[in-house]
Amino acid sequence: MIRGVTRAGLGEIGSNEAYIRHAAEFGFQSVDLNPLELTGEYGTAGAAELLAHHGVIIGSFGLEADWRGSEDAFREGLPRLVQMAEAAAALGCTSCGTYILPATDLPAAPFMIAATRRLRLCADILGAYGISLGLEFVGPHHLRTQWANPTLWTMQDTLDWIDAIHVPHVGLLLDSYHWHTNGLTTSDLLALRPDQITFVHINDAKPLPIGELLDSDRLYPGEGAIDLTGFLRSLKHIGYTGVVAQEVLAPASGESSLELLARSKAGFDKLFQEL
Amino acid sequence: MIRGVTRAGLGEIGSNEAYIRHAAEFGFQSVDLNPLELTGEYGTAGAAELLAHHGVIIGSFGLEADWRGSEDAFREGLPRLVQMAEAAAALGCTSCGTYILPATDLPAAPFMIAATRRLRLCADILGAYGISLGLEFVGPHHLRTQWANPTLWTMQDTLDWIDAIHVPHVGLLLDSYHWHTNGLTTSDLLALRPDQITFVHINDAKPLPIGELLDSDRLYPGEGAIDLTGFLRSLKHIGYTGVVAQEVLAPASGESSLELLARSKAGFDKLFQEL
Amino acid sequence: MIRGVTRAGLGEIGSNEAYIRHAAEFGFQSVDLNPLELTGEYGTAGAAELLAHHGVIIGSFGLEADWRGSEDAFREGLPRLVQMAEAAAALGCTSCGTYILPATDLPAAPFMIAATRRLRLCADILGAYGISLGLEFVGPHHLRTQWANPTLWTMQDTLDWIDAIHVPHVGLLLDSYHWHTNGLTTSDLLALRPDQITFVHINDAKPLPIGELLDSDRLYPGEGAIDLTGFLRSLKHIGYTGVVAQEVLAPASGESSLELLARSKAGFDKLFQEL
Amino acid sequence: MIRGVTRAGLGEIGSNEAYIRHAAEFGFQSVDLNPLELTGEYGTAGAAELLAHHGVIIGSFGLEADWRGSEDAFREGLPRLVQMAEAAAALGCTSCGTYILPATDLPAAPFMIAATRRLRLCADILGAYGISLGLEFVGPHHLRTQWANPTLWTMQDTLDWIDAIHVPHVGLLLDSYHWHTNGLTTSDLLALRPDQITFVHINDAKPLPIGELLDSDRLYPGEGAIDLTGFLRSLKHIGYTGVVAQEVLAPASGESSLELLARSKAGFDKLFQEL
């Protein structure tokens, strides 16, 4: 498995160049960033060169196309989606992700209808560039009632949705926090095939009942209550060989980016040592 | 447009043979019935002969595969679905229909996920036999709260769902009662293309506010408050040339089947004369 | 049916503005042109205004994405396809077309595999903007052996391909020349549903055996041997209400564009009078 | 990886019961057989019991639906396909396979069109029962010219076709003989993801130039010229954990089934020891 970071949990690390450089310095092999932004800054060749120079890949990028709102908003995002897929493919990135909010203020059934159609099209556009789309189920309980109508938040419902979207190259974006807050266990992971997982997020949780955990109050990997060793061992066992990227959504800690990277590295070192 | 009947509104008309014979006697050109039952009774050649002898086609048949419940129940219906499609195709029937309840006791989002996948497979199996699948939105307001979670009941949501199912040969099963209880007008029909409609049900409504109309208390075509002339003229105007089949869901009237057929014929005569 | 023109058969008519203006002057209600080029020249609002001022719509535009060659070439065309679909939708155009060469120098099976996948994606992107994709079978016999391996040229094979592509909003781009050179008759048209046709090209043929007719040696509608009255009557009969656009691929005639428009108008007047 | 056999290479081993019993006796964990035949003989519970008693699973079964010929023939096979999928699922079998002949007497493009549509439907029906469909490319050169028009025989073309079929749960049925006769190497296997392989056939080849190898003249695993150790090591390396089933298409050897099973076991023992 490949050690990765996202900007979430690294403070104000600055430019993409600084982000890539520092990630590499601390042993990370993958960064999540906007590939179109990077090719905009450096050109495609320059961006590829920058990544190669630091021995870092782009692990994944976020699906910007707005599949949750109006049809106009969705359409407006399609030209940029194609451009971003093109940029990502040119830089060797093969993963794009989006999260599923567990509730919506829109009526649930029409929301699912539109979302199914739109995510299929996004997946097919990405697929034309060899990029998989990962759907991230979101576990924290407080979000399930934050909007009027529940959608879905379980791994099984997400797998069922992937089957209903019914095109190749759609899988789970699996996040340890959502696994934990869903009350899932290692046996749920061991039941997966590796191709069902497009990307993995890792972060930790406070030692609270899972019903009380907040989405934006996460801990660094290895500093909390989640059985991350079991999580990673299970993924390794089923044959997952992709990126495991830290994504710590949490209030600012006051530490510098380099301090946070060192802390992240320590967590990864400990966890990966136990695999 | 082709004049059709279903058994709903004809009382206890008896065997399929009696049903077909009497429908023909009263000028109907199409009957809705179970094609597999008919070929079971008469053999394929005999069933075709019986229909041809009376100059009647099978307008449509109901999708028996249970797409609303458990996965096991759905799977169990697939062998019969294939056999029924085979029987229907052998008898020249090209339309199959199913209705969408406007609410469900299952969570709405997972329900829509499973339903989307299942209806797509049903449509593809039917499509292999040249049969279209019609989805019938259901308008009566009381049904929207009869189960815990709303699904959909509007024509537009149904069209969106058809697009999300995203295979050829899926369209609307359009029923005048549901059109009326949704508060739709002729302009909504005039905005359709004929290929978006796989089948049409016709029946009438009591002169009550649409919010008070009950699903199982319908009237015979031409005896109620629905603008059926506008309904049919609009369908004709957009080029719909398929079956318009009476489906009167109502308490038993006490009249004989022949009296009810005569009454139905009178309604159709009046309405079709005005086209 | 809507009278339309393409630039093929109008000589050097000049700018898009001149093309639109002159087409309107001669009673044509539709022009085929590149919507992205037009919005580039006039802005979206300006282009819409120009068309509205002359009472002309954009009938169809050509699919520029190169689905016949390398995967790289195909991908490179996708950003522009999305932009063109966006421009077309903003101008109210709902039809895009591409032709199928009856042979290829690539091995036929892998060619069909790639083409099926690519055309499906193009259709789905166009479909997100409410645009249908028309596939034009190409009849002239000399083209069937112009490249090493035959693909397809019949209407039935094209309909089968549309079914295999298996997404909504794909239909026939039907051209009278290809209908004629395939030896098809009005009964073949009468067997179609209108939704199976996304667009119609009209032009005429020299009074030669169909095996000798050249693709680039066509005549103006009404000046040749094709039974265009039967062709149009059949389309009208089945309920086709879309554009019928002249496309005369022929050597330069020496006449001015205005002379050619007058000649075209005369042909249309005669043919449409007989409907 | 799971050691499996098919009947090909075991002589006249007799009833399904004998086949299962003897396979188990010689250490094989999987047999390929017709699940519908087995449930027909023993009932579903009895068949499951028989397999469980011997510690043997059904590895895969053949797709009987005739996707290569007429539409009527294809349709006629669908009821049985659904029944077979049902029987297979009830017995825990998750793999079905079919081979692709490298040429056809039908025109290649229409053949691919029909085949793409039909295999998609078969895959979707199988998928409803949790069964994957494996497509087996066929390498021997002599078959490429045995019929008039080439289709495909390479692994890459097969992967492209799987992408064009474009539904989940379709993969490669990978056969060592076809890998060898295509001139493929271990690096071609190492480039695969395990989910791209639904099933593996193993058998060996005479020490002849690959262009001279006949499809029906294969050797037992480990007795010929194919680098089967490299083949299996590569599959293990990428994380393939499914069945590797012997399929020796060869003239009758004169040996008894038990002798052939012993010979097969010896080959497997040697090869699996080296992994």
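By written order: A, B, C and D. Residues from 1 in each chain.
Just so we're on the same page, a contact is a pair of C-beta atoms (placed from the backbone, for glycine too) under 8 Å apart; a residue touches a chain by one contact, two chains touch by 3 or more.
Keep in mind that what you see is a predicted model, and the values were worked out from it rather than measured.
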item: Contact-richer chain pair [B-D vs A-B]; value: A-B
item: Equivalent interface to C-D, taken from A-C, B-C or A-B so that over half of the residue contact pairs match; value: A-B
item: Approximate Å spacing (C-alpha centroids) for the pair chain A, chain B; value: 45
item: Averaged-CA centre spacing for the pair chain D and chain A, given as whole angstrom; value: 37
item: Interface hub residues of chain C, defined as touching at least two other chains; value: 120, 163, 166
item: Chain B contact footprint on chain D (complex, rising order); value: 74-75, 78-79, 82-83, 86, 89, 120-121, 124-125, 128-129
item: Of chain A, residues touching chain B in the complex; value: 107-114, 116-117, 120, 149-152, 157, 160-161, 163-164, 166
item: Residues of chain B touching chain C in the complex; value: 127, 163, 166-168, 193-195, 239, 241
